[in-house]
Amino acid sequence: MIEIRGLHKSFGSHEVLKGIDVSLPKGKVLVIIGPSGSGKSTLLRCFNLLEVPDRGSIKLGDHAFEFREGARISGKDIIALRKATGMVFQSLNLFPHMTALENVIEAQVTVQKRSKSEARARAKAQLEKVGLADKADSYPHKLSGGQQQRVAIARAMAVDPQVLLFDEPTSALDPELVGEVLKVMKQLAAEGMTMAIVTHEMKFAADVADHVLLMDDGRIIEQGSPQEVLHHPKTPRAVQFLNRLHGKSEE
Amino acid sequence: MRRTYPLVCLLALIALLLGASCGIKPDSASPAPADSAAPSSPSTQGVLGAIKASGKLKIGTEGTYAPFTYHDKDGRLVGFDVEIARALCERLGVEAEFIETPWDGIFAGLDSKRFDAVFNEVAIRDDRKEKYDFSDPYIVSKAVLLVHEDNKEIKKLTDLKGKKSAQSLTSNLKDIAQANGAEIVGTEGFNQAVDLLLSKRADATINDNLSFLDLKKQRPDVKIKAVDETDEASSSAALFRKGNDDLVQAVNEALAAIKSDGTYMAISEKYFGADVSK
Amino acid sequence: MDDRQIQIIKDTFWPLLEAGVIFTLPLTLITFALGLIIAVITALVRLSDWMVPKFIASFYVWVIRGTPLLVQLFIIFYGLPSAGIILSPYVSAVIGLSLSVGAYGSEIARAAVLSIQRGQWEAAYSLGMSRTQALRRIILPQAARVSVPPFGNSFIALVKDTSLVSVITFSEMFRKSQEYVALYYEPLILYSEAAVIYLAFSSVLSVLQHRLEKRLERFSAV
């Protein structure tokens, strides 16, 4: 499903991705963890080209890209890729001037060119799936963080993406609201959705991931099954990071 | 509905704009119809010929300078200069079309051919003669020195030395004030000068005697008195762009005619109760 | 105040108000509408990647904001004829005022668009929207709301800026008050009347602005 080879990305003189290789087969869940500044968000944002890498290659489904210094990527190709992916953000990013339902309808009509009635029906179904059918006509500012994030998931799902990307989806939520979002995500995984998730929620990662990447300073320093990476890390940096994290989650 | 509403508003506004640019004419002066206002062309005709052909003489005037060019209670454009201009145009067989312009725009308006003559108490001065042509004078007036009623210090023009005099910056009266050593406080017109005097921000102002008379007529209680007048009288005449000799000549002939047939005197009596041609 | 002055007020107030309604208000509405369109287009051009149009837009904003409105009107009306372009006072007034509103307004619009969080753009892009779609559907509606107070401000200032067009021989309410001053020699009274009428117009606009803001509030907690 997703093949990434030799990805490099710099912001100015600061190199953030120093040669990343990732494979994510269809229907599997990839979880990316690591300290801040490790480049995990940047990597995830390369999946839908919100960040354009300087060097390397990305293959996602039928879309393939080669990145080279000075080579321009066509806007049309980027949009085509983005139509195949959906993203859920740390800062929620619902459209405040639209109701929950309208948020979920929007891209279906504008991007996918579906009819309004079809879009509406699908939107209702999606909101039902995330448990918010009764909030369809509410504006985002009236919803809790957890509810907003679930709407965001519905919005991303409504355009039938091949891959769902999650960029620290619960990091900005109050602890008691985190659960409802993770529940939806687990359900999606169980239904066979291909997902790539950046998160700090270790227990969730352990439950849901098929494959875990631990990044540090722009490189992947550990990868493997959740058991391997989380409980039997090999590199000292990984040990350090996980101890700190475990220390925290035991509080 | 929510989507079409702004569009409808926009279309309505555009329609209003188009309608207005054709329809609305600000009261007295009707601006020449949109862009076709180029004064008619062939230089072989000469400006006089073109004017006679179109049937109108476009005249620049302020409309805010009583009693020479102003609007009466009913809003009609009247005044000594205005009526003289109308009488002259009648003699020439054309209609007088007044384009009201503040003083600051009057020379620019003449230069850019928005009008072909100016009747606005334009005093005949050498520097103006260099750039423009004057008709024969149609009014002669002395300038008076005005001060606040309570002012005991300034009794004659020479007393202006070191004092503040309110004057319009492009007027010859300013030169007279300066020649007498006054410090100039710039104003936009007679009314403002009056205000400055009343509020004692200026000690004096030199202005047209006839304007002062009109002020006293309108505001009999105003606390301003005239204490001196200039020896030399200044003459004002109609102003034209250079190169329109035929027009200037025709106007001069018409002026002589209305002086000899009594039209001039009638207007002069009406506004000033005296003969202002001397 | 004596009887004469009271009589003056009685004689002049209605004609002044009439002049305001017939000339000042429509001029304000039309030039604001046009200025708003110019402002949004200019702002979008300056936010785009097209080099030449961007340069032209920036140049326009720089020139108009850097010169007095009075001078601009003067140049359009008295200066253009020497280049063969002769415009009526009304058209000159509309052009001069619209360009002015457009230039200042474009900065308002630009700031409003820039104030929308990046996350909104990213969410739109991640759903597969193009830049134009994102602008049209997501960003501009939000920017519009943010821009209501500063544009309301612009509008109210414009009502009074229209008093300048008497310089280019377009007769509106302020010019009418000047005519009365010449007749009655009572500048303070007459200009105060004009001020009261301008205040009335501005107040109506303030109320409308407030109503519009209230209507747009339902989208947001702020």
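Note that the chains are named A, B and C in the order they appear, and that numbering of residues resets to 1 at the start of each chain.
Note that in this section a contact is a pair of C-beta atoms (placed from the backbone, for glycine too) under 8 Å apart; a residue touches a chain by one contact, two chains touch by 3 or more.
The structure presented is a predicted model; accordingly, all values stated were derived computationally and were not measured.
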Pairwise touch network: line, ring, star, complete, or other: line
Label of the chain whose CA centroid is most distant from the centroid of subunit A: B
Chain occupying the most central position, where position means C-alpha average: C
Separation of mean Cα positions, subunit C and subunit B [Å, integer]: 32
Chain centre separation (subunit A, subunit B; CA means) in Å: 77
Distance between the centres, which are taken as Cα means, of subunit C and subunit A, whole angstrom: 46
Multi-partner residues of subunit A (at least 2 other chains): none
For the subunit C and subunit B complex, residues of the former touching the latter: 2, 4, 11, 15, 22-23, 26, 29-30, 33-34, 37, 74, 77-79, 81-82, 84-91, 94, 166-172, 175-176, 178-188
Parts of subunit B lying in touch with subunit C, wherever the complex brings them together: 9-10, 13, 16-17, 20-21, 24, 26-29, 31-35, 37-38, 63-66, 70-73, 75, 99-102, 104-105, 108-109, 111-114, 191-192, 194-195, 215, 218-219, 221-222
For the subunit A and subunit C complex, residues of the former touching the latter: 48, 50, 75, 79, 82-83, 85-87, 89, 91-97, 106-107, 110-112, 139, 141-142, 152, 155-156, 159, 165
In the complex with subunit A, residue positions of subunit C that touch it: 117, 119-120, 122-123, 125-130, 133, 137-138, 141-142, 145, 218-221
